[in-house]
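What follows is a single structure, and I will ask about it in a moment.
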Amino acid sequence: MSVLSAQNLKKSFGTTDVLRDISFEINEGEVLSIIGPSGSGKSTLLRCVTLLERIDSGRIAYSDLTMADTPEGQSKAVYSEGAVLQQIRRRFGLVFQNFNLFPHFTVMRNIIEAPVRVGKKEKKMAESEARSLLEKVGLADREKAYPCELSGGQQQRVAIARALAMQPEILFFDEPTSALDPELTGDILKVIRDLAEEHMTMVIVTHEMSFARDVSDRIIFMDGGVIVEQGDPAQVIGNPQSERTRAFLSRFHKN
Amino acid sequence: MSLFEDIARILPRMMEPLSATLMIFVFTLLFSLPLGLVVAFGRMSRIKPIRWVAQVYLLVMRGTPLMLQLIFFWFGLELGGAGFSRLQTAIVAFSFNYAAYFAEIYRGGIESIPVGQHEAADVLGFSKSQTFFRIILPQVVKKILPPMGNEFMTLVKDTSLAQVIAVVEITSMAQKIQVSMVSLMPIIVAGIFYLIMNAIVSKGFSLAEKKLGYYR
Amino acid sequence: MKRIMAAALVLVMTALLFAGCGGKKNVEYVVLDEALSDEQYAIGFRKEDQALRDEVQRLLCEMKKDGTLAQITTKWFGEDTSTVPDSVPESTATDDSLQKVKDKGVLVMGLDDSFPPMGYRDDKDNIVGYDIDLATEVCKRMGVELKLEPITWAYNVDELNQGTVDCLWNGMSINEERQEKLNLSEPYMENRQMVVTLKGNGIEKVADLKDKVVVLQDGSTAMDALDGREDIKSIIKDGEAVRVPNNVLAMYELRQKTSDAVIMDEVVARYYISHLTELEQDAKAE
């Protein structure tokens, strides 16, 4: 059953069409990677399904909850009321390229603030859950640290723990390793790999081709605001059908 | 008659005006700090007429001398005739004036917080007010401490302008004593009062900065 | 905190040192015999407040008759220099201004509380002076309380019209503008604008002010007086007097020789000279 379904998404900034009729679905337990050159619209797509941007037209739904839909014969998408959107926000988590941790909170407070304030969870309970999440991302001893005292890789792992603390049904990653030094990406990728093994539903926008191939159940290649090609990793990366996919991938193989 | 005796004669008479000076300082902050936040929101509003009103307010309050504003509130709006005391009128005028400066400091602070902080809070499901008061404002406070310190110290000194509507504060009292004592000493004593007040303000701000220095 | 106090203390000491040295200069003040202008003091009321003005005037005349006025004037000036008339025609005013003051039970008197000897603050911060004594007596006879309201003198007419004060009574010289905007009492004292200088400055008559630096209080009638004497104004240095916020500063200008002469009210000048001379003698005695 699909956790998220997006149909005919269109989005433009001014006169630039960023998304041109994008449709995709993701099923429970599936790991989907989105690859493509810069400016292909993959980050915008992620921002649209996480409510950071609004689509112009199309339909987005999280299983039984509709985020936005475009009525028959109209060209503008209509968003659901605030309460529904708030419910939808509770279903997904997002890990940013730049971590976006709250600098004035400790690691612990970064993780428990949302469960306590938004999820109305008891503080003690939230803290014990946070500790097991920190253990999971390999930072069990850093709960009292402030973000500025952590390396980029550690900060990103805290950000993952923060997103997981809200127990999302689906977790989005927006180029989670792009802001890190190459030698620091391994820890992050390991955490994501562990999550995949636990059958966490995930959508990952990434430039790490070999990682995408290893961890994903399915890969989408985007270019110029459209999905050029999708399928299982071995097929899209190993044996691309489209000329554009081949051209894009060849740049990585050279390295 | 020694000069120490002079000072001993001046000090007791400075106590009442000192309380007037402190009242202006404290109440102006009490009113203008929140009012400034409202004006800052108005200035950043997406609704054009609100933004426009805020801009005019900022222009008028920052573009004209506080002394003229005091005269305007007392004689122009005739707040005295409407039952306000001189001190109250001074506090009203100071509050409106300082709110404009605080508003721009707030705005600068708020706009300097990276958009990613708003987005992270949004994705985690924080409401707009939770996002502002728990995530954004604490970071803004840290960023605006240095310009706020400046503004607070200027306010301490600006209280002397209240004498234009005959509020008896430190400077005007010093001048009154000067006239009957025929001496410059009251002015020097007044200067030392301001110096001590501002030393305390300055110390307070450096303590606050130290306290908020636990993160970058 | 300790360091702050220490710094403050050092400042005080330095200030004392300077003030102490300044006091030891030996100077002698002189008032020229020749006045710059003659004027008169009067009490000001709102234009429409005829009944109140007439009652205050009537009481002043009554005080003159029974000798109280002479007694108060002598106390402050050593002789009776008041010019209150013996009698005034009976009031025909029909407005309610007097009744209002009586109903309130207070007469609010607007004054500049730094204008000795007419109105100023003593060491205990009581506002005292010649005008205060007069007004206290008038109010006693009227059966109301006197409330002293210090105002910024430059805005005296605005204060009156706004209703924050009932009268302006503080050595206020009569001039054309005040005659037009205010309801003035009969003149109660003569005043002259005088030139004060230091002995040895080479100024013996008004004409000697040629190319001299003249200083006066901003907003005072001394300014009007100088404006009315184009012959003098045109010969002083820069064709314009230096303006300072009050007369003490004007006297300091004179003493430290940044100015050659001060123009001020005669009554005020006499007060300052006696005060300053006393201070100089104290300084020398130390």
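Letters A, B and C mark the chains as written, and numbering starts fresh at 1 in each.
Just so we're on the same page, contacts are C-beta pairs under 8 Å (C-beta built on N, C-alpha and C of every residue); 3 or more make two chains touch, one makes a residue touch a chain.
The shown structure was predicted, so the numbers you read here are calculated from the model rather than taken from an experiment.
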Worksheet item: What chain pair shows the greatest number of contacts?
Response: B-C
Discussion item. Using CA atoms only, can you tell me which chain is the most central one in this structure?
Written reply: B
Worksheet item: At what distance in angstrom does the C-alpha mean of chain C lie from that of chain A?
Response: 81
Item to complete: Measure off the straight-line distance from the CA centroid of chain B to the CA centroid of chain C, and report it in whole Å.
Response: 35
Discussion item. Need the CA-centroid distance for the pair chain A / chain B, whole Å please.
Written reply: 46
Worksheet entry | Shared-contact residues (touching 2 or more other chains) in chain C | none
Worksheet item: Listing for chain A: what residues touch at least two other chains?
Response: none
Worksheet entry | chain A contact footprint on chain B (complex, rising order) | 114, 116-117, 119-126, 130, 134-135, 138-139, 142, 214-216
Worksheet item: Touching chain B in the complex: which residues of chain A?
Response: 50-52, 86, 89-90, 92-94, 96, 98, 100-104, 113-114, 117-119, 146-148, 162-163, 166
Worksheet item: Which of the residues in chain C end up touching chain B in this complex?
Response: 1, 4-5, 7-8, 11-12, 15-16, 19-20, 22, 113-116, 120-123, 125, 149-152, 155, 158-159, 162-164, 245-248, 251-252, 272, 275-276, 279, 282, 286
Discussion item. Under the stated contact criterion, what part of chain B meets chain C in this complex?
Written reply: 1-4, 7, 9, 13, 16, 71, 74-75, 78, 80-81, 163-166, 168, 175-180, 182-185, 188, 191-192, 195-196, 199-200, 203
